[in-house]
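Next up: some structures, all given as structure tokens.
Below, chain A partners chain B and then partners chain C, in two separate complexes.
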Partner chain A sequence: MDLVDDIRRGEVRAIARAISLIEDLEPEAELLADSLFPHTGRALILGVTGSPGAGKSTLVDRLITLERRSGHKVAVIAIDPSSPFSGGAVLGDRLRMQEHATDPGVFIRSMASRGFLGGVAAATGDVLKVLDAAGYDTIFIETIGVGQTEVKIVELSDIVLLVLMPGMGDEIQAMKAGVMEIGDIFIINKKDMPGADKLLMEVEYVLSFKNPGEDTVTNPIVMTSATNGEGIGLLREAIAAHRTEIARSGKLEQKRRFRLERELMGVLNRKIHQLMDVHIEVSKQLPDWADTLYRRKACPYALINKQIQNFLKEGRGDRTN
Partner chain B sequence: MPSKKTRILIAKPGLDGHDRGAKFIARTLRDEGYEVIYTGIRQTPEAIVQTAIQEDVDFVGLSLLSGAHNELFPRVVDLLKENGAEDIKVIGGGIIPEEDIPLLKEKGVQAVFGPGTSTEQIVEFIEHGSGR
Partner chain C sequence: MDLVDDIRRGEVRAIARAISLIEDLEPEAELLADSLFPHTGRALILGVTGSPGAGKSTLVDRLITLERRSGHKVAVIAIDPSSPFSGGAVLGDRLRMQEHATDPGVFIRSMASRGFLGGVAAATGDVLKVLDAAGYDTIFIETIGVGQTEVKIVELSDIVLLVLMPGMGDEIQAMKAGVMEIGDIFIINKKDMPGADKLLMEVEYVLSFKNPGEDTVTNPIVMTSATNGEGIGLLREAIAAHRTEIARSGKLEQKRRFRLERELMGVLNRKIHQLMDVHIEVSKQLPDWADTLYRRKACPYALINKQIQNFLKEGRGDRTN
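Here is the complex of A and B:
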């Protein structure tokens, strides 16, 4: 594929087009992703997550500057939600990163979630392959502003940066499972705002609950003020140190293997969905099925079990032909 | 199943800071189902063109109220061409005097939508390339 060569040469237009092919689920997207796969695994993938307004984009903007100073090529995937009503989206994350727009060593791409839950877009994993194969050393994935369940970012990144800010709720919020559990590095941004020190204490307190031995890797906490550029150098050092630590302890490899498992499960689930849709026309039949349920002529589990049995029988028939 | 989404960059070149119109258009287009990338005020034509290419947009909508449209709009068109991205269509909006429109179109701006344009007109242009 010519496109693969162009991507590997780092041609921006090719990279951008490939991402669109993948996002739009074009027929050639699968082959493209597989052709790129052997050339991936080099980039450091940093997930950046946190509440809306916590300062994720501004932090990424500042980190890009430092990465560039070390001569690294940087890519950013910035995800914003699609409207559930129109399917459209306003993607505004890169507004805070525009000073890098004309730097040839920086590639920024806004993505709409397109109905996918979990804080990222369904195509994010394959888009990562494009950027990794294109030779970007560091790739940031900025999730949509998350609540407490948008934890898919763990399945995509080497290190998750969880961005918190003062005044977003008390200890109780920090105790809650979900996003608090997925952070590798905790960032208390807007450290000049009242309540920052209290938040630091709360985060330290919650992290102290980790079972000893369960996870020997320490979770750094860094206080920053992204707008003023304060603490960003410390944050970058914390990221580098953490990377070294997880590489040495084997955790990085373990994470990457886990990521591949999740990816395979994702592909399998999607394929099964597609197969079911083609063979038993789920989307088409759904209203009729709902109708029989509504009239209490069938029960949900029995109905689906019967459909699956028919599907499996047909599948066997196909093979003997 | 393929699901091609039309992507549109809304950008404000030049030095005026009046972004209400640009933000309004961004929201309106979102409500019509488009993916809109918004980059804020005071963007150079170079930044706009690199953004358009990285974001692989179908259209660039330029909003300008300062009067520099005759220089900046064609500059974006030219830079897209120089970067091999002449397939990305440039449309303009803001306060553009009627008598400037023919020149802008001659220089490659595909359409100019001034105050009072209806959403239908813009959508019609995006979908079918017609309108004003």
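Here is the complex of A and C:
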């Protein structure tokens, strides 16, 4: 495939075209992803998540600048929960990042999440293959806004940066309830705002409950002021050190193997849906089935079990006759 | 099934036992859910979501008190993202609600979400059937903590209450980015805190962008102070009025039909997974498949396509030979 060669040479137009094929679920996207797959595994994938307003985009901007000074090629995928309400702020973030837009070593792309988690992870996984095969050394996946996409970020990243800021008292309760698990490196941004030291203590406190037997990798906490550029060098060193640590301990390999398992399950699910759609016309019949249920003329499990029996009988042909 | 009769008579021990069967994925849970299904559709299901610390549990507490005064039976399902970190706060919330624990007309149950969204919606859907068939008039589904479960709340509820509080400047950016779509009724809790009026204006502003052609149902905004009990009566009236409005406009029916479609798809997915596990031993082979990929000896789509071909060939028996 010529497109594969062009991507591997890092040609931006080929990369953009490949991403569009993947996003539009074109039939050739699968073969493309498979053709690129043997050339992947080199890039470091950094997930960036945290509260809206915590300064994620500015941090990523600053990190890009440092990465570029070291001669690294950098890509950013911004996952954007598409919404009738998502207006100025999100677009503003994207525009701000365009300061790197004239730099051929930086590739930035927003991906709409199209409603609730629908297919983002699958498409993003294939887009990561394009960027990885194209030779980007560091790939940021950044969530915009709310927590619905955080989960997917974790599944796709080698290292997750969790960005916090002072003055969000409720943040800590959220952390207790699960967000803290998401992060590998904790960033207290806007460190000059009141409450930064308190937040640091709270994060240290919450992290102290992490079961040491379960996870021997340390979780660095870095204080930054992204707008001034303070702490960004330290953050970059922390990322590099963490990468070395997880590579040495085998945790990076473990994460990547697990990611491949998830990806396979995802592909399997989508393929099976296609198959079921052909054999028992699920998409077409679904409203009728729901109608039967709504009128309480059938029950959910019984209805589905019957459909699957039909599928198997048809699939197995004369064997069951 | 005796259990079905006991549940329909509202016997709490039968209800608790049924929920345990569902949570533990016992084989008899399916038949139980189907046997209860014809007796469902009467309860009003209220989803309660919002930022941690916004006062969701206290609000629900207050609403329970009013519902009880009207002689309604009330159930609460608190979805609890299980986490090594989730400690005191979550437990505290649950304990606080226990002020209703001695009231036989109130049933409260926490459900752990067991990691990332894994099966919560499916199990919660079946638990709702138990509570609905048991005669609870109002069922609250409340999320604890972060946004990962918000999506599921929306899928399972007739009406979603989105709880906000003043002083969370970043909240608004989050709202723009999608959270506002989740809510049917907007609650500004802690209304005596500074910034409540500003938040009200902001919420009104953001809601003004809602496409009127798309959704003719109005979205009430109610200001409350749950700790003092202020505004709770108004909130309850707003809920009742909203229910009447969506019932009249057909939106409630539409939501419930759509919920049934989702449920059917969920059951279908789980059933197919079981089937694939029997035929191509997915769970058993997955680590080996991932290993092959990790060593770049195979490609994701090609590997899965081959497995599905094997499944179909085996399934179809001698027809393909």
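Some points to look at:
What we mean here is this: the second predicted complex is superposed on the first by the 290 of 321 C-alpha atoms of A that agree within 3 Å, B and C clash if a C-alpha of one lies under 4 Å from a C-alpha of the other, contacts with A are read in each partner's own complex, and residues count from 1 in each chain.
The rule is simple: a residue touches a chain if its C-beta (ideal position, glycine included) is under 8 Å from a C-beta of that chain, and two chains touch if they have at least 3 such contacts.
Just so it is clear, the model here is predicted, and its values are computed rather than measured.
Judged by the touch definition given at the top, the superposed model places A:L268 against chain C, while chain B stays out of reach. Contacts of A:V12 after superposition on the shared chain: chain B is touched, whereas chain C is not. By the document's definition of touching, of the two partners only chain B reaches A:F107; chain C does not.
Judged by the touch definition given at the top, the superposed model places A:D24 against chain B, while chain C stays out of reach. Applying the stated contact rule after C-alpha superposition, one finds that A:G233 touches neither chain B nor chain C. By the document's definition of touching, of the two partners only chain C reaches A:L293; chain B does not.
After superposition on the shared chain, chain A has more residues touched by C, the comparison being chain B against chain C. Note: residues 83, 85-90 of chain A belong to the chain B contact set and to the chain C contact set alike, using the contact criterion stated above. Put simply, chain A touches chain B in their complex at residues 12-13, 15-17, 19-20, 23-27, 82-83, 85-92, 94-95, 98, 101-102, 107-110, 112, 114.
Against chain A, the residues of chain C that register as touching in their complex are 30-31, 33-35, 37-38, 41, 51-54, 81, 83-90, 116-117, 144-148, 150-151, 154, 168-170, 173-181, 206, 209-211, 214, 253, 256-258, 260-261, 263-265, 267-269, 271-272, 275-276, 282, 286-287, 289-291, 293-294, 296, 299-305, 307-308, 312, 315-319. Only residues 1-5, 7, 26-27, 29-40, 43-44, 46-47, 50-51, 53-56, 83-85 of chain B touch chain A when the two sit together in their complex.
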